[in-house]
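Letters A, B, C, D and E mark the chains as written, and numbering starts fresh at 1 in each.
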Amino acid sequence: MSSSPKPADLVTVNIDGRDISVPKGTNVIEAAKQLGIEIPHYCYHPKLTVVGNCRMCLIEMGLPLMDPATKQPVLAAATGKLKVNWMPRPQIGCATNAMPGLHIRTSTPMVKECREGVTEMLLINHPLDCPICDQAGECKLQEHSTEYGRGYSRFVEHKNVKPKRTSLGPRVTLDDERCILCSRCIRFSKEVAHDDVLGFIDRGSYSTLTCYPGKKLENNYSLCTVDICPVGALTSTDFRFKMRVWFLKQTPSIDTESSVGANTEVWSREGVIYRLTPRRNDEVNDTWMSDSGRMLYQQVKSADRLASPAINGAATDFETALKAAGNLLRAGSVAVVGSGRSSVEEQFLTKKLADALKVSASLVSRVGEGDKILISSDCNPNVRGALVTGLIAALPSQKLESLAADIDAGKVKTILSVGEDLVAAGLTAAQFAKVSVIYLGTHANATSAAARVVIPTLTVFEKSGTMVNQQFRLQKFSKAVPGPAGVTDDLVTLSNLLAAVGGATISSDLNTLWTTLSAESKALAGLSYATLPATGKILDASAWSALPFVEGETLHFKPAAVPAAASS
Amino acid sequence: MVDKLFIILSVVTLVSAALVVVNKNAVNAAMFFMLSLVGTAGLFVLLNAYLLAFVLILVYAGAVVSLFLFIIMLLDTRPEAQKSFKKMTVAASLLGGLLLFTGVLSLMTHFVPATAGAKGHVLPPVGASLKGYAEQLFTTYLLPVQVVGFLLLIAMLGVIVLSKRFENKEAAS
Amino acid sequence: MIHAGLEQYIFVSALMFALGFFGVLLRKNTLVIYMCLELMLVASTLALVAFSRFNGTMDGNVFVFFILTIAAAEVAVGLAIIVALFRQRHTVQVEELNHLKN
Amino acid sequence: MATVTVSRKPLSLSERAYLPQILAGMRITLKHLFSPNVTLSYPEQRPAIPPGYRGVPTLVMDPHGREKCVSCQLCEFVCPPKAIRITPGAVPADQPDRAHVEKAPAAFDIDMLRCIYCGLCQEVCPEEAIFLQNQFSMSGYSRDEMVNHKDRLYELGGTLPDQHFKWDKKKAAEEHGNQH
Amino acid sequence: MIALWSNLHPALQMLLKGLAVILVIFPIAGASSLAERKVSAWIQGRPGPNRAIPIWFAWVPVIGPMLQKLGVFHLMSDGVKMLFKEDALPGHVNKPYFILAPILAMIPAFTTVTVVPFGAYLDAAGRTIPLMLANVDVGILAVFAVGSLGVYSLIIAGWASNSKYPFLGGVRASAQLISYELSMTLSVLPVFLWVNAPGTAGSLSLARVVEFQSQPGFWGGTWFIFLMPVSAFVFLVSLYAETNRQPFDMAECDADLVGGFHTEYGAFKWSLFFVAEYSHMVVGSAVFTLLFLGGWNPLPWVPLSDVAVWLHLADAPILLGLLSIAIFLGKVLCSIFVFMWVRWTIPRFRYDQVMKLGWQRLLPLAIANLIVYALIIAWLQPKN
């Protein structure tokens, strides 16, 4: 619906006495938003179809009075302004589209009365259990009742009683009493998730949201219904009763489960992440994200998190581990395994490390199943970052065959793995026995168990950096929570290792690092971390356009002509 | 008994007098000055002049030295700011002191009456009774008393004038 | 054993007087010089009292009164002068009070 | 700002002489010397706490002995010195008289070293579950001791005889209301 | 017993007497500190200290709780606390003088006691013999002379503390003490003029003043407070200033100088200052009692000798002595109570007010008073 309009398509509408030019077809709510005027609404959602069933966005609308004879607008004699022919009844803003000469009034007594009436009607059967409602604080009904409601109740009868704790699916809980029947969730399931499972049953005040018989709301985007629910009817079973939203700090971040790089918001309080929600980016993920991506925060506090540096499995301090790793690296015959999950900056430092050791780095490719919405086939969020920084020249394979061959041939004595599980990447136990592994990673796995030196690193929520998604869009993520005690930032570790093997001294400070980065990488020239916009920036990808990326179609991405299945 | 006390008191007096002279810290000097005065007062007592002993303490120790201390503290003269004495100065001063000492001593011993130091000589109990002072002061020495009283008055006026800040004049200049 | 006769008192008195004089010559701090002057006065009172005692007359004792009175007046005026001086010159060291010299 | 010049009454002769005033003052103090004490021997005698007194914040139970707090965390939010710390939790479904409340604090800590007795928590509480009551002296040997946990807060708070039963009305509505 | 006493070596006698006086002064000073707390409490409508009681004493039925209520044991616990507290010595002080100051504070208090008579008995001839350590001719002068040395402890303490508040306290103390000494001395002069009126043997002894107040007849038995109220008043006010008591406690004025000269002091050294202040009060009250309140005479116009006759104690010198001491102590304690009463009534003066009062009010008053009494004496003289 937001097709880029040509200038000719702009029309001028007048809202509360002020003129604004908007693309033709923009509805009044969006147009008013551009003027800073809020028109309250529940059922309308910019990314969903308009149904107009909540009636909250009622406005007064009028068109210029036309002289039937001349077909020209009539000017008022006294003021010389257009005479407006106001409609006697209010119209809904969401379904009123901009047209030439449209006049809108959003603050007349009639509009006010309409809003009061609608609010009162919605509150008739609303349980008013805000103290125990998870939506409180970000609830549209709460906000609009305060802003536009009447302030007192005239209702003396018993309220309707509906089920309070219906489980719609594995991740979504429904409180029917709070539902205002806006149908956003129904439309979302049908239009975006393509999983039509929700609908209303019964009539009048008995209307109830429910799943179709025998079905459940269990698609991978079910939690988006919780996000778009304007009231506390749909709640996340995971987040339910965990924390009030007003305590939570929001930090912009990126979904790292696939190369789509959906923009997210990390909600944390005092170093604890409580939930992830999508962050609107109309070029990447609109206002959606997958349920699987929302669960990624759990890795931060997981039990198998690496907590302290270790040498041969014995815990030690950072300096000692760094020294041991430096000694191993300086001994020579090193292989460097980078990761498509590392940030651009880490990959850059990894590349510098490989250069200093005079070896080339390898990467491991992960291929999953794309769902054509927000999960692509490439499960590495930042393979293109490795290309941009020059860590790799060609696309990686899924197994480290050449590395395995080198080990067998005795050419490699030490492997530095930056966050990559080498066992999963195909190295056998016999090959492991021949080499010393330096493992930089967040969680314990087979590689960390067998590694000579383990230096724990931070998860994406605990550090800042950038990643390049499938569109070659450079996007940044910020540190939401501090890392566990005793865990050093990846950039610090890498720059220390780089210094240990005699490479150039590169600061681990993000902004300083970026001056080097933008100077050395052609695709990143002229960019800096601080000035990168929140919605990211498309990089010049012409150098890699011929590469056979493992990608399927997603919401805002169509793969190039190269067939996806050609590789591997 | 009296002799022993005399020795003790005169040693205290002289040693503290010497310390007044050589002590670099003005506060210390004042304190030793007071000690010296107490010793002198003790000697006065040995000489039967109880009244004078207490008047000495009252006037000197009670008022004069505390005034000295007051001024020293107000002016805050730091002991470390003082340089060590020059050798020549010390020698010259010592010489001067010795000359004076011999001169004064010889002069005063010249007038010692023959009976004064004699053992067993019963001295008239002068100085012990208050009446004696009163009679002397208000008969023979009436004029000096008046003069001294007048002197005190003038000194008081002088101090008031001296310590008054002439703020207007200073501000004008 | 020294017998405390007039000579002994005079000796003490003269020594004290000389010490005071020595101090006056030696010291640079006007306040201490002042104290040494007082020391000399006290020494003279000691001599007077001793004379009075051993001569059996009251005159010496009465003179002490005058000396004390004058000493008190002198201290008051002298200290006032020192304070006034200090306000002007910000020092009480005699060496530094040499403006007439130049 | 306008300056108000207060005219002072000129002092009378006896006031200027000061001595009669001193004697009058001494007469007053002497009178007080023999008048009875106005103080309390504190630990033995306790002051009568006036209504509305803001003592130690406590959690109260309703007349049926059920906890009223639903861990809405508004007190935690409003608390100026951040003395309140709540860990929300769900009410287990197997408690028939309380399950309809759904939510209750799993932990509720008030750090009395931080508390400033402002009473905002009481004011903000939508459930009337937190009250600043009569208790006014808190002491302990360690910092930990000065943190009131949930059980201690309920012990201090006791039961209040208010008859709101907000959630019971809700339960009744659930059971007998416009069931559909 | 008297014989036994007389057989002792004179030096030992003096030592024992001195020790006895100190042993009396010290507890009185200590008790005064407790009394101060109690009096202040009562005036302010509080019970005051009433907690401490030793476990072994708590069992005594009536007396135990009563003494506890009076706070008697707080005296002991305070003393023990002061002794065993850490005696911190601040790093920035001038150590010798800092330690010297509290000791200096004690010396005048204990030295003046030697010339203060504290009782009397009748000897075999029926003469009243005062009880005192040294009956010197210059009694009052000795008190003033030694008392004037008290200022040193304040100055030295203030200066040695090497910090602003104590220094200001010391400076104030020295100025104030010197100022009020004048009025005090001048206020006493009429008394001695009266006592030593021409024709009588001259003496500045305090015992002589009491003797004068215990003569038979109306004028003979009149206490000087009735005879010379202005003198008594000026003396009393100056006494408050000299002992640094409120409303004249400029030296330790806690409102603007924290603790004044003893801000830096703590524990035992501080308590020495404290005891010294009360000792000064005791001695000052004693002098006031002797000069203006008839010493050990129980009532105006009722001399001790009359009481001895009524009670048949003329030939029991020890009992009579004890009785006279009791009477004298009673008066002293009353006077100390007035000290406290005034302290808890009158607010502290401002420093300039203190100076103004001393130089512009009390001193002229004392001088005028002296002149008036000198004239009266001169006028009365020819008739005798």
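Just so it is clear, contacts are C-beta pairs under 8 Å (C-beta built on N, C-alpha and C of every residue); 3 or more make two chains touch, one makes a residue touch a chain.
Remember, predicted model here, so these are calculated numbers, not experimental data.
Between the contact lists of chain B and chain C, the overlap is empty. Number of steps on the shortest path from chain A to chain C, with steps defined by chain touch: 4. Counting steps between touching chains, the shortest path from chain A to chain E takes 2.
Chain closest to the overall centre, judged by the mean of its C-alpha atoms against the mean of all protein C-alpha atoms: D.
Of all chain pairs, the one linked by the largest number of contacting C-beta pairs is B-C. With centres taken as mean Cα positions, chain D sits 72 Å from chain B. Chain A and chain D have Cα centroids lying 45 Å from one another. Chain A and chain B, compared by their mean Cα positions, are separated by 96 Å.
Between the Cα centres of chain B and chain E there is a gap of 30 Å. The set of chain E residues touching two or more other chains is empty. Contact topology of the protein chains: linear, an open path with no closing contact. Chains touching one another form the pairs A-D, B-C, B-E, D-E.
Listed in rising order, the residues of chain B touching chain C in the complex are 2-3, 6-7, 10, 13-14, 17-18, 20-22, 26, 29-30, 33, 36-37, 40, 43-44, 46-49, 52, 55-56, 59-60, 63-64, 67-68, 71-72, 74-75, 77, 82-83, 85, 89-90, 92-94, 96-98, 100-101, 104-105, 108-109, 112-113, 116-117, 119, 123-124, 126-127, 132-133, 135-137, 140-141, 144, 148, 151-152, 154-156, 158-159, 162-163. Within the complex formed with chain B, the residues of chain C that make contact are 1-23, 25-29, 31-32, 34-36, 38-39, 42, 45-47, 49-50, 52-59, 61-62, 64-66, 68-77, 79-84, 86, 92-93.
Chain contact summary for the complex, chain E toward chain D: residues 39, 42-47, 50, 341-342, 344-346.
Here chain A touches chain D in the complex through residues 127, 129-132, 136, 158-162, 164-165, 202, 205-206, 208, 240-244, 246-247, going by the rule given at the top.
Only residues 27, 31, 34, 50-51, 54-55, 57-58, 61-63, 66-67, 69-70, 73-74, 128-131, 134 of chain B touch chain E when the two sit together in their complex.
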